[in-house]
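The following blocks contain the structures, represented as structure tokens.
The two complexes that follow have chain A in common; it is paired with chain B in the first and with chain C in the second.
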Partner chain A sequence: MLTAFAILTDGLVYAAYLFVVAIGLSLIFGVMKILNVTHGSFYAFGAYGAAIAVGAYFNADYAAAGGFLLMGVVAIVVGLVLGLLIERGLLRVVYGRDEVVVVLVTYSAFLILEDVLRLLWGTESYALYQPLAIGGNVMVGGLVLSGYDIGLVVFAIVLAFAASYALRHTRYGRLLTVVIFDRELAAAFGINVSVMYTVTFVLGAILGALGGAVMAPKIAVTLGIGVEVIVLAFAVVIIGGLGSIEGALIGALIVGTCRAAAVHLVPQLELFVIYAVMALVLVFRPYGLFTRAQPRKI
Partner chain B sequence: MRHAMCMRGHRIVVLAAALSLGLVSAAPAQQAAEPAPVKIGIITFLTGPAAAPFGIPGRNGAEVIIEALNAGKVPAPYNQVGLGGAKIEAKYVDEAGSTAQVVTEYRNLVQRDKVDVVVGFVSSGSCLAVAPVADELQALTVFDVCGTTRIFEEKPRKYIFRVNPHATMDNVAAARYVLNKLKTVNTYSGINQNYAWGQDSWRDFTLAMKNLAPQATADKVLFPKLFAGEFGAEISALLTSNAQVIHSSFYDGDLEAFIYQGGARGLLSRTPIVFTTGETSLYRVGAKLPDGVMIGARGPHALMAHQGPLNSWLWQAYTDRFSMPPVYPAYHMAQSLFGLKAAWEKAQAKKGGARPTTDEVIAAFEGIEVVTPSTTVRLAIGKGHQGVSDTAYGTYRFNKSEGKPELVDIVRYPAECVNPPADMDSVAWLEGGMKGAKCD
Partner chain C sequence: MTWRNTLVGALAFAVVASAAVVLPAWLMSLATIALANALVVLGLIILWRAGLVPFGQALFYATGAYTVALLGRFTDLRDAVLFVIAAALLSGILAYLVGLLLARYRDIFFAMLSLAMSMILYGVLVKTETLGSTDGFHVESATFFGSALHGRTAELVLFWFVLAWCALAALVVSVYFRSVAGSLAVPVREREIRLEFLGISVNRLIHLKLIIAGTLAGIGGALAALAVEHVDPTMAYWTTSGGFVFVTILAGAGSIAAAFIGSFLFELVRSVAVDLMPGTWQIILGTVLLLTILFLPGGLGSVVTVGRRRLGIKTP
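Let's look at the complex of A and B:
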């Protein structure tokens, strides 16, 4: 019983982490049809930015709530700067080119940004341990859970609802849905697709950086963290269906739960299970679980 | 008189001219007399998650040592300039990337840069991949931090040496220390990274436990992906385990992430844990690591080093340069470089002072005894290519008043107590009941 409860809670926490990381990647692909490898850089810059800025904030003994708020501010600043820089400075030049070329461009940018991280913050690892300590822990059903982890799950749920609401009930969200469905049709109806691209990319970058900022307290912020994340995020969005927010959520839940079950029951399969699930989904649903039907153009 | 003065003046001019000519012609002769530098390629993690705890301290250690060797400022017995009087030219290369990339970098150092020796490699995966290439290229290579036992146990390696002892020592000593501290252990768990290092470490620890505490059984055996970073499920599994102790050979960012996450959920205070490489992270985690955690340093290094002039010099020189004390990867680099220097100079002395060939250095290296800053290493196993030394474990305590980490309850284990004997591989030794182990 305790093991079952542990699988459930661990699955949820891991799914929350995956969802926060994957949602921006899925959004960018949905709108722009770009498999954005620089998402790993957004995550890494968010994590570094939070570790440094929020770490300094806590070290100055300011109110704890402000520290958590600062994580969001850091993510917005990182996302705005990097998102605009990459989209306006780089991707605009290769729009319309073959998808492989665009992926290679984002991969190149990712490699460059890894070196920029090194130039800015060196090779040292950074720790943002204060939020974990402030969150404390709580005994639930015989298992000690981290308060910060519980907060992360709540944050992911709020983010999922907010994204879903924004897409369905706001003007920008509806316009975005049209662009996701058919960008040419959207342009024909007078939607400024170019602006939509920029806004979406920056939004995706902010979400990627937010993923890094909220994960910074749990990890050692060090070079290479972006690579690990991007592989997992790809697996999640491929399972859920590239471009689908619901898909990212379900994909994260599936991967999170399967991985937690593997760790508790068959730890030897932990590495295998994520990609086994992905392969299984793709066998039956080659475009992922939540990809909507594509109109066939003649 | 005038004639005599003229003659004297003439002689002075001739003498001055001769002296100038002599000086001019002596200059190239003096340059020619200076031996050609020894080129050493140093490969370690300069980027990536293993850079901060391993690669950079190793690189920094190399920088301090090579600079001092070239200036002849290292204490005896290493006070001769460079290697046998030839200055060292170091080229630093990043170990980060795929195994194929690491092998390519190694080939580049040997074939393109024509280095005389390659020193380095943190990852056991890198060492296993490079070993056959070193044989193929006939390139003298000194493995540095990597600890897998398989290097010399799978096949003799003529061109490879490893002064630092391998993982068997770390894990046998860990088992002995755990039993020394806890007296009776009936159940234990392990969390190790899923690759050569983690797998070998866990294997040696469990085999040692079977010998030392036959009643003990393994409960949770966890092998998360290398550099996974997130260990929530693993921590839950360990929290639901009834293990009396946890073994971990985690290193780099994984170790620190595990400490933060496990600390937040009370794991590190609930269950005693032994970190076989924990010393690398002590200065960074500081007070976040609870007192009482058992710590290894893959040898009696840093806070557990034997004191002496060489250790005092390394500690001071490193601390002065980098504003923090050296951790064990810096000591491993020191062992590798001093081992190489000892072998090189032994070969050179045998050759009457002439520069030795690779084969001559290899002959001198085999079975050598090396004085290093922290302890003395003998290349006693692996057909004289693999070092053994004593080792030590300690218990962590954060000194709040001085704001620095400390290790207390340090127990030292002689080399013969924790290493397999010559010509016996580690698994056979462990499975055979660790026969011949001398711990007194």
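Let's look at the complex of A and C:
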């Protein structure tokens, strides 16, 4: 019973963080039809930025609330700078090429940024321990839960609702829905698709960096975290269906719970389970759980 | 025309084989690895011609490598030829099974599903103690036709052995490219639905491509394991697959020779870059890949065709 409860809570926490990373990836794919490997770099830069800036902030003994706010600021700065750089400088040139070719372009940008990380901050690892200490611990049903984890879950839920509200009820969101549905038609009706692309990509980048920033206190921030997270985020969005918010949410919950179950019951199968589930979902729903089948074009 | 190409190819392999005698040791071990990896790239070129990019070819590469390693560890077999044939068979069968599922997918989903498959193997390898876990394990050195070799002779014979497999693979693939199934690759990439209207099963065409590519990758992995004498789970990791895709894009889908030349250049640049500018290898990799995609979409192989066209020579 306790194990089941532990699996559930661990799964939920893991799902919360996966969701923050995956929603940006899914947003970018939904609008631009680009599977963005560079998302791993956004995540890594967000984590490094948070570990260094927020760490320095706490060491200087300012008010705790500001530190959490600073995480968001770091994410926005990273997302703005990298997002604009990649979209304006690189992707702009390859729009209209094969989807797979564009994936390779983002892959090369990812490779370059991995080394930029190494050149900027070296090979040592950074730890951001203060937020966990400030969050404290809570006893729930015989289990010790970290306050920071609970905050993360609440944050992910708020983000999910905010994203879904923004997409359905704001002007930008509804225009975006049109672009997702048919890009050419949207352009014909006077929507500036080019600007929508830039805004979407930067938003996605900010979300990716935010995922790194909120995860920084829970991991050792070191080289290679971008490589790890990108394959997990892929699994999440592929299971849920690329380009759908509900999909990213359900995908994150599935991957989170499966991983937590594996960690508690059969630790050897941790990675195996995630990809086995992904393969299984694709067997029965070739385009993920939450996408409609596309008609084939001649 | 075709027999002329075969002749040129045979001549090139003969020249490389005889040049090996005077090659310095570092260059030869580099070339051995490059040739082994070129087999994987050759398989990827078959798929890339049909517009498919698997981000999980390391699955078969690692399967081949671990087959050799495990045979050496748990049996008394030491024969190199037997090792490679076993690896080819096993990865071929695996490719057939995976292909049953994978052949139904295209584009990004094809790439991602193959990635998932290779990550499943990676997950198993990392967590299994008997398979060496994260550190991997040592590969017993193989014997060639019953005799165990040492030192320079062993390196030289291994190089020729790898080269022989490459020559065989190049021949088989060139035959395949000229066959009906092989020449349908471009129609598959352009408009596969038209092929289906002609009564051709595109899924079956792609399944065959997957089996050939998987077998080649398995042979490549087996040869790499013999050359490095060590296997570890990173052979199945997605960055390994990414490296192979990189060389494929660099080489281009146009020619078989480009796979070997591209693979060799890749290894050469890597060893030079790691020596001279440590920590910037991935920057070089990424930049070259970008430049290739932007300015040379046909890859290195297309330089020859474009050059010929400029000079007014008809391409075969």
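Convention: the second predicted complex is superposed on the first by the 291 of 298 C-alpha atoms of A that agree within 3 Å, B and C clash if a C-alpha of one lies under 4 Å from a C-alpha of the other, contacts with A are read in each partner's own complex, and residues count from 1 in each chain.
Throughout what follows, a contact is a pair of C-beta atoms (placed from the backbone, for glycine too) under 8 Å apart; a residue touches a chain by one contact, two chains touch by 3 or more.
Computed from a predicted structure; not experimentally measured.
Visitor: Putting chain B and chain C on the same copy of chain A, do they fit or clash?
Guide: Chain B and chain C clash in the superposed model.
Visitor: Applying the document's definition of touch, where does A:10 land relative to chain B and chain C: first, second, both, or neither?
Guide: First partner only, chain B.
Visitor: Pick one for A:154: touches chain B only (first), chain C only (second), both, or neither.
Guide: In the superposition, A:154 contacts neither chain B nor chain C.
Visitor: Which partner does A:267 contact after superposing on A: first (chain B), second (chain C), both, neither?
Guide: After superposing on A, A:267 lies in contact with both chain B and chain C.
Visitor: On the A-aligned overlay, A:162 touches which partner chain: chain B = first, chain C = second, or both, or neither?
Guide: In the superposition, A:162 touches no partner, neither chain B nor chain C.
Visitor: For A:146, is the partner it touches chain B (first), chain C (second), both, or none of the two (neither)?
Guide: first
Visitor: Is A:109 touching the first partner chain B, the second partner chain C, both, or neither of them?
Guide: second
Visitor: Which holds for A:118: it touches chain B only (first), chain C only (second), both, or neither?
Guide: Both chain B and chain C are touched by A:118.
Visitor: State whether A:234 touches chain B only (first), chain C only (second), both chains, or neither.
Guide: The answer is second: A:234 touches chain C but not chain B.
Visitor: Clash with chain C: which of chain B's stretches 38-46, 128-136, 290-298 or 398-406?
Guide: Of the candidate stretches of chain B, chain C runs into 128-136.
Visitor: Share the list of chain A residues that count as touching for chain B in one structure and for chain C in the other.
Guide: Common interface on chain A, chain B vs chain C: 114, 118, 267-268, 270-271.
Visitor: Taking the complex as given, what residues does chain A use to touch chain C?
Guide: 35, 90, 93-94, 98-101, 103-105, 107-112, 114-116, 118-119, 227, 231, 234-235, 238, 242, 267-276, 278-279, 282-283, 286-287, 296, 298
Visitor: Any idea which chain B residues touch chain A in the complex?
Guide: So the residues of chain B in touch with chain A come to 46-49, 51-53, 55-56, 96, 194, 220-225, 227-230, 232-234, 236-237, 239-240, 252-257, 260-261, 263-267, 270, 284-285, 288.
Visitor: Touching chain B in the complex: which residues of chain A?
Guide: Going by the criterion above, the answer is residues 2-3, 6-7, 9-11, 13-14, 17, 114, 118, 123-125, 127, 129, 132-133, 135-137, 143-146, 148-149, 215, 217-220, 222-225, 228, 259-260, 263-264, 267-268, 270-271.
Visitor: Which residues of chain C touch chain A in the complex?
Guide: 51-53, 101, 104-105, 107-109, 111-113, 115-117, 119-120, 122-124, 126-128, 191, 193-194, 238-239, 242, 245, 249, 279-283, 285-287, 289-290, 293-294, 297
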